[in-house]
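What follows is a structure written as structure tokens; I'll ask about it next.
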Amino acid sequence: MSDLKLVGKQHRDHKSVIKVGNELVGAKELCFIAGPCAVESAEQLDEIAKGISELGVKFMRGGAYKPRTSPYAFQGLKKEGLKLLKDASDRYGVKIVTEVLDTTLIEEVYPYADILQVGSRNAKNYSFLKELGKIDKPILFKRGMSSTINEWLLAAEYILMGGNENVILCERGIRTFDTSVRNTMDIAAIPLVKELSHLPIIADPSQGTGQRSLVTPLSLASIAAGADGVMIEVHNEPEEALSDGFQSMYLNTMGDMIKVLRAQAEHSGRTLNLTKEPQTV
Amino acid sequence: MSDLKLVGKQHRDHKSVIKVGNELVGAKELCFIAGPCAVESAEQLDEIAKGISELGVKFMRGGAYKPRTSPYAFQGLKKEGLKLLKDASDRYGVKIVTEVLDTTLIEEVYPYADILQVGSRNAKNYSFLKELGKIDKPILFKRGMSSTINEWLLAAEYILMGGNENVILCERGIRTFDTSVRNTMDIAAIPLVKELSHLPIIADPSQGTGQRSLVTPLSLASIAAGADGVMIEVHNEPEEALSDGFQSMYLNTMGDMIKVLRAQAEHSGRTLNLTKEPQTV
Amino acid sequence: MSDLKLVGKQHRDHKSVIKVGNELVGAKELCFIAGPCAVESAEQLDEIAKGISELGVKFMRGGAYKPRTSPYAFQGLKKEGLKLLKDASDRYGVKIVTEVLDTTLIEEVYPYADILQVGSRNAKNYSFLKELGKIDKPILFKRGMSSTINEWLLAAEYILMGGNENVILCERGIRTFDTSVRNTMDIAAIPLVKELSHLPIIADPSQGTGQRSLVTPLSLASIAAGADGVMIEVHNEPEEALSDGFQSMYLNTMGDMIKVLRAQAEHSGRTLNLTKEPQTV
Amino acid sequence: MSDLKLVGKQHRDHKSVIKVGNELVGAKELCFIAGPCAVESAEQLDEIAKGISELGVKFMRGGAYKPRTSPYAFQGLKKEGLKLLKDASDRYGVKIVTEVLDTTLIEEVYPYADILQVGSRNAKNYSFLKELGKIDKPILFKRGMSSTINEWLLAAEYILMGGNENVILCERGIRTFDTSVRNTMDIAAIPLVKELSHLPIIADPSQGTGQRSLVTPLSLASIAAGADGVMIEVHNEPEEALSDGFQSMYLNTMGDMIKVLRAQAEHSGRTLNLTKEPQTV
């Protein structure tokens, strides 16, 4: 792995901590990101943003541009979706994590996002990654569904080479022979990446499993294994969701999930980065 | 999954608890199994058995018959290895978990083992599994390296059909495209199996990762995800081990590992099944 | 691959030719094996044996003992199936290829089989493979669904070490992420094995694809890539088959398939080993 | 696969034939593309272009922009490479197949390419694929290393939706557990794609195997299975190549390869599209 220069452990004598406004990713506090797979409407987003912010969540995910396997599936609200995210951000104070699909959209997405997400389909889109190296906002860089750890880190190297060292890695499951679940979460990637790189790494158990009932156990496993955060999909009405409802948590039970994640975070010597203090259960 | 009859959740209105002498697997206490990959000599086994029993470990693993990819690699001490296991068991009171390779060896291994381990290479050896259904000792049944969850549970069904319902499942990693680690541990299999079956499931992060530094984080992740136990490889001199030394924990640091696993077990509402009470760290 | 001793190219200065009675496998003539997935009844087997022998086919496959994922699926006619195979062999002069599931069945299957087939589920069942090294009939040794080329050849080494060098390798598809087809046939394995070993290698495109329409193209591809034969599933009534009917060729169109395979064999500098001379199309 | 509209078989009552100037892809004649992995220098490209055109080759491949796993590996000559390709095209009359890496480069690559190649890393880069739908030159669309057949065809649908129906699919191997070879060529994909779609499909056994000795056997297999062409890497000095020399054919033995491919094409009822008539061997 001699080509891991900027991303490699030897580049920096401490773990990288990424600043997102006043928030830190990679420090003691675990990053907790929640929100819908896709922005669907003003009402949907408002309800979710309100709900999660009341629970203390500081980061909201939501796709305005959606990469879909079928060209005939819902492709996202695009520019309109970005505006809805901004409105929610203004109203509820949540920071926005949203996907940027390609080089031509960086400029458009940039003002609306606090963290720009790069999806697994772009995991080896090196010319795009180089462009992301030129901006000054944090990149949430998902692993490709068939990327080895080394390929993933080398791809991140393209971003850092460009000058942007604010990269947060995200394990989101790999593609294997077993289709019992949507993807196979490679939990070992979390401690392995931490051996090889100074960059923070979070987990996405919603994409990683594709099954609601597995999201909490895999979130706990990720934290226990050393993840710097988790990103989960939540929806006010999963059954009505325009995409991936089956893997979305119910908004009205998210409080319970947060409690167990917070407890695990504290057991693991971390805290869960929320606006609210823990309350008596 | 309509063919999951005896193994399926609907067969029993409660989780199965497997008795191994006076010990329980699948109850509140987590099963903790430690020992060398292979029995190599009287001295080696004595040192390890002594060491782990002093730490409170109740179950010792150790291979007398080793299935090896190359016919020219060390194949185990065979009958002599079984005797050494029995001696250690008598001396230190540890229960023995050891692999039985095929039908012809069941009779030989039976008297020496408290739990008979079935390796991943036998995951679909149905005629062998049927024979294991006829005995009255617990079976530790590892997942095949390319078995889906459904195939694994259906294979376990062959054992239960024969009359032996004392089956402990063991996730030990699957084979994927990524060779950064020896196998990819499918942590999601743990909660998924618990949804589908009443059988207990433990994890083997030594085989599952093939890398010493990953064994503790993946043990913690497994427990956090709901595993009923962990099995790990430990050696007094990993550098001199005749097989798999690179994934074996050092005997002289096992106490530290046990402390963190115990703490995680208790955080997860379980206990770690050891002979000793927790001591002040 | 230093552990490839008896199986390796350096062991023998020429390609191995396996004798099956008066027939040769691995010589200029390509081995062509056809027959049902499972022996189902006297009538079924007679009709298929009659049909294929009239087309000149010399080798008939058919399972008497069937390894099935579900214990509740048809497991084969067992001893009765073996007798039916022998009857058909006597009546129509076809040589029998049938699977032996484990060590305890070797003695039973031996007298009925001209070639003993070892299925993919036994690809790493080393104690069984060692036993097969003690008999004097040819072994058709299928690749495991997740065996690397090296693991496969090392497993064959176990058979040769025992004294039986009459091993015919069989590529039957590997397990990958893509479930569009049942397995992914690894056609490159054919020339690669021929570089590494002196053993003959045939292809099983029925198991390898699991889809009838793909069997002829993949048979042609296998021959073009240098295979020493093909084994295909054929049934008089695929829609009524007790197992794997969807991948079985129709008996009444097998003549057409044979013509194109023969033509490809001859184009590739081989012949197709049939009792009959080519006829005018 | 209800979302296969323009790409699906039902869209057109005949196989698509793509015109590249006066040449046809998908008709009786098989497309044969040869050339270096990367354009390295004027001398290298001239020698290869001269050599292959003397053998009758009509299409030359060569990368000017190279997507590389490591940012520190040779990234291609870029614009200068494109000019060298054009010069060679002018001098020797070969049509140029070269990769376009992203949307921002379409305009630059367009004038230099007769066929624009889209690599496996862009297999799910939908916004890029939509842009390619707006141009009027043929697209050689490689399968993603972990794309299912359905995902691949749906991705092609994005191109056709944009208005460009001149898509040539290219099987280039998928990523599996077996690292004996660089990729696993999925030969079954060739007849399967022809069942599902009207688009032509060619094979790339150089990328597909990553091993020189396997390129000819896999080319033959691809043609036997029904491929509409093959693309291979050839180099005047593979040992000195700046990328992928180990899988490049030697220029001075390409004539032999062409002879056997032509013979196989004719055996399969096709011809190999070359400027020269077959010569006596």
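First chain written, first letter: the chains are A, B, C and D, and each begins at residue 1.
The rule is simple: a contact is a pair of C-beta atoms (placed from the backbone, for glycine too) under 8 Å apart; a residue touches a chain by one contact, two chains touch by 3 or more.
Predicted, not measured: the structure shown is a model, and the values here were computed from it.
*Asks:* So which chains are sitting against chain C and chain D at once?
*Replies:* Where chain C and chain D share a partner, that partner set is A, B.
*Asks:* Going by the average position of its CA atoms, which chain sits the greatest distance from chain D?
*Replies:* B
*Asks:* Which of the two pairs, A-D or A-C, is linked by more C-beta contacts?
*Replies:* Between the two chain pairs, A-D has more contacting C-beta pairs.
*Asks:* How many Å are there between the centre of chain A and the centre of chain D, using C-alpha atoms for each centre?
*Replies:* Distance between chain centres: 36 Å.
*Asks:* So, what's the distance in Å between the C-alpha centres of chain C and chain A?
*Replies:* 49
*Asks:* List, in ascending order, every residue of chain A touching at least 2 other chains.
*Replies:* In chain A, residues 146, 175-177, 179 touch at least two other chains, as defined above.
*Asks:* Okay, in this complex, where on chain C does chain D touch?
*Replies:* Per the stated touch rule, the residues are 146, 148-150, 174-181, 184-192, 195, 208-209, 211, 213-214, 217-218, 220-226, 263-264, 267-268.
*Asks:* Would you mind writing out the residues of chain D in touch with chain A in their complex?
*Replies:* 3, 5, 65, 67-73, 101-105, 121-122, 124-128, 145-146, 151, 154-155, 157-158, 161, 175
*Asks:* Of all residues in chain A, which touch chain C in the complex?
*Replies:* Counting only chain A, the residues touching chain C are 146, 175-177, 179.
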